[in-house]
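The data blocks that follow each hold one structure.
Okay, so chain A shows up in both of these, paired with chain B first and chain C after.
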Partner chain A sequence: MTHAVMSCLHANLAALEAVLADIDQLGITTITCLGDLVGYGPQPNEVVELVRERAIPSCQGCWDEDIIEGLNSCECSYPSQLAERRGHLAHQWTADQLSEANKVFLASLPMTLRRDRLLFVHGSPNSQHEYLLPDMDAFAALERVETAGADTLFCGHTHRPYVRDLRDGSIRVRIQSSTDHTSPAERQMPLPVRRIINAGSVGEPRHGNTNATYVIHDEETGSVEIREVPYDLERTCQAIVEAGLPPVFAWRLSQGFEYAERADDASHVCER
Partner chain B sequence: MGHTLLISGPPGCGKTTWICQRLQAHRGPRAYLRLGGFGDEGQQQARDGGIDAAVLQDRVDNLLDLANPDHALAPRPDNLLALIEVPQFQPPSASGPDGIDRRLIPALDAHHLVPDAHLHFGRDRELPAQDTLDFRRLESWWHNLSGTVWDPASLSSFWFELVNGAYGDVYRAKALFNLPDGRGFFFNWMVSQSGSQFEPLTAVAPPQGRPARLSRLVVQGKALASGGIETTLSDCLLSDAALELQQAALRLPVPQPSAAS
Partner chain C sequence: MARWALVSGLQGELEVYEAIQRDLRQVGRVDTLFVLGNLIGPDRDANALLDRLQSPRRGELQPQCIYGWWEDQLLAERAFRGDRRADALRLSQGEAAVDALLQAVDPGHLQWLAALQFGFIELDCALLHGSSADVGDSLNTGSSPLLLLDRLTRMDVNRLFTARSGEQFSVDLTGGGIDSHVRDLEGERQLQQVVPQRKVIGIGSGLHYTLYDPGSDRIEFRTLDQQPGSRGRGFA
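Moving on to the complex of A and B:
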């Protein structure tokens, strides 16, 4: 079965509509969303309602959690005072805009979704806030997938799509018997291939251009296609300004930059 | 016997850099004066808020500031090199001292200065060839940042946004910024050059409160979003509490390695 996986919509309606249109014209009917439906962007209600209307299974992203749990479940992830101030402003604006029904919907989203050996998360199986970057230490990446009991882990959060196969992994253990004090026995256990697929971002791309990204995965063949979809960027930028959000948000989106920088620590996990 | 040079040219052509190099290379006493331009010559665009003088004072030891009346009116020491900087867009009408704009004469007289040479960027070969921009059609905006201290990571983001067009079409930006550890930095960027110049000042203030040194931001360009710049500035500057939090850690004594027993 071929299915589509998207992430990090960030209240960007024009981008979501373009991605859904692309998926529809490919005839794909199974879609999974990896969270961050809201945050920074100008149309939080419209985006949540479209996801609900299309009955797209979604897990909860860090922004979805923050809106429900209150400011700010992960302020330690901001790398600068400027990023923190902008993040707080966007958080407050989004919380004020969201309808109660949509907040209840975001609160109901699960941390993870599982379909057989496929696992869907926002950041990592450990936390919505952890970044699984493409150059993350191979063992740490393998540990995340293996511990979660998955063959393939779908994640988002970094806003940069990638596919990473974890091959040739092995665990070497040394066993010292409590009764036999001769040399400890050493065993090496090969690990099967594991895979991490990052879906990029629909609403706040930062992979080098302004196109929305998502992925198509074929469960039978294992093939993955990273799709790039142009959308009406000007419409979203205009909506940002009309909503009273900082105009610099529109500029950053139009340049393919994130609204506020992420922390550089790839293994960062909020210790709230 | 001293030497008094008047250096003119458009903003951004490299006057201050050249002047700094000449002053640093001179073995005797040195003096500097910056005169403003004229309204029909884009005086507003040339305004620098005192940044050039402050950078030169930092870079050149014992530099006499001729804007200070005590220095201007005092007897000139032997072998004094006095350099006078003037923003000027149009090439002079004549070569040498005869080409000095007559409107400058009262200011020069007031400082007891009689230039024995006049060099203009874009005209005289003694000066380096520079890409000069026509700033007369540009807006100019500046902000007094004295007493402010920046969150360093926020400063990096702000400067990136500023010179990449987030707040309008910026053609030139230069500034003196303070950091929590007491360092001051000169930032300089021009649209015609690749990359920004980031140079630390040699004078470092103790990490105790807000430095008293001059701090300014000057921007020239088109359709400048000054309101947006000011909003971002307020999000980047440290409050007293945040500054004290950062400086308290810097004031802790550095642990010394214990002597081997």
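Moving on to the complex of A and C:
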């Protein structure tokens, strides 16, 4: 079965409509969303309502959680103080705009979705706030997939799409126990082959290009296509400015990368 | 270089702590005493031990303490952990155990317990009760090497000392590697990574404790007899 996975919609209605049109035009009917329906963008209610109307299974992203739970994330959500200040502004605006029904919907979203050996999360199986960057420590990346009991992990949160295959791994250990006074035991553990697929971002692309991104995965062949979809960027940027959100949100959408911000500690886990 | 003594699981037993202090005087060349949590437990009044840890006697090593699973449960139940309560304890051992734990510690000790840290980083070593993932994370010789490596990587240390399992052990990561292939919108690349030479050490519990020489990386597991004044046995 071929299915589409998208993430990080960030209240960008024009981008979401363009991505859904692309998926529809390909004849794909199974869609999964990895969260962050709101935040930064100017149409939180419209985006949530479109996801609800299309009955797209979604997990809860860090923005969805924080809008419901209040601003209580640790600094791993915001890689810089500048980002944090802007994030707080967007948080307050979004919380004020969202209808109660849409807040209830966001609160109802699960942390993870699972289909057989496919696992869908926002950040990582540990936390909506953890970044699984494409070049992070390979053993740590493998541990996230393996401990969650998945073969393929779909994630978002980084806003940069990628496919990472982890293979040909092993770890040798020497074990000494105080209850066993014989020579230390030597053991070699072959590591399983696992895959991480990051869906990028529909509403806040940061891969150096303004196009919305999502992925198409074929469960039978294992093939993955990273799709780039142009959308009416001007419409969203204008709505951001008219809504009174920080103009830098419009500026960075028009650049396709994050300004002065990048999570540089992928192994950091939110300690909340 | 002087050694560290690593102790855990006293669970209110002042006699055990005194036995360890006596043993430390006998073995010598120990300059730091770390107590890696579980100072308290539900089975006995812990107040005398807590008094002693905060006010050591002359000639005793000053203990450097962190909180463990039992302290975490107590602090949660006493509303020091936000909305969280001692649900893990309640689920595993029932309401009676929660009540017993509350009875074991005078409220006057709560502020001191609440000020204890999650762990210490000394040189290239993490000294924790459970692991870098959670205070309740129980690592032992049966733990997946991938999981052990992850717990080391999270804190970027070469040695992780853990107490939660109560076992004394050493697991050395001695070799191996992994390949990965990344494809993104910029292209494709191959990455190779080798297993770093790292180690996870279980320090034991109660009368079973551990000596560590950070200069030579030598570990000695000590086991004391129950009788006061008796000598300990150790092997490295």
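What to note about this one:
The definition used in the following text is that the second predicted complex is superposed on the first by the 250 of 272 C-alpha atoms of A that agree within 3 Å, B and C clash if a C-alpha of one lies under 4 Å from a C-alpha of the other, contacts with A are read in each partner's own complex, and residues count from 1 in each chain.
Everything below uses one rule, namely that a contact is a pair of C-beta atoms (placed from the backbone, for glycine too) under 8 Å apart; a residue touches a chain by one contact, two chains touch by 3 or more.
Here the structure is a predicted model, which means the values were calculated and not measured.
In the model built by aligning both structures on chain A, chain B fits alongside chain C without clashing.
Between chain B and chain C, the partner in contact with more residues of chain A is C. After the chain A superposition, the centres of chain B and chain C are separated by 90° when viewed from the C-alpha centre of chain A, nearest 10. With both structures placed on the common chain, the touch criterion links A:Q188 to chain C but leaves chain B unconnected. Legend: residue contacts after superposition of the two complexes on their common chain; A:V104 is shown touching neither chain B nor chain C.
In the overlay built on the shared chain, the residue A:R172 is in contact with chain C alone; chain B does not reach it.
Of the two partner chains placed by the overlay, only chain B lies in contact with A:R252; chain C stays clear of it.
Of all Cα pairs spanning chain B and chain C in the superposition, the closest are 10 Å apart. Applying the stated touch rule to the two superposed structures, the chain B and chain C interfaces on chain A have no residue in common. Note for the complex: chain B touches chain A at residues 151, 153-154, 156-158, 161, 164-167, 225, 228, 231-232, 235-236, 238, 242. Considering their complex, residues 79-83, 85-86, 246-248, 251-252, 255, 261 of chain A touch chain B. Across the complex, chain A is touched by residues 132-133, 141, 144-150, 153-154, 156, 167-185, 191, 193, 195, 204, 208, 221, 223, 235 of chain C. Every residue of chain A that touches chain C in the complex is listed here, in rising order: 126, 134-135, 137-143, 146-147, 160-179, 181, 184, 186-189, 191, 207-209, 213, 224, 226, 228, 267-269.
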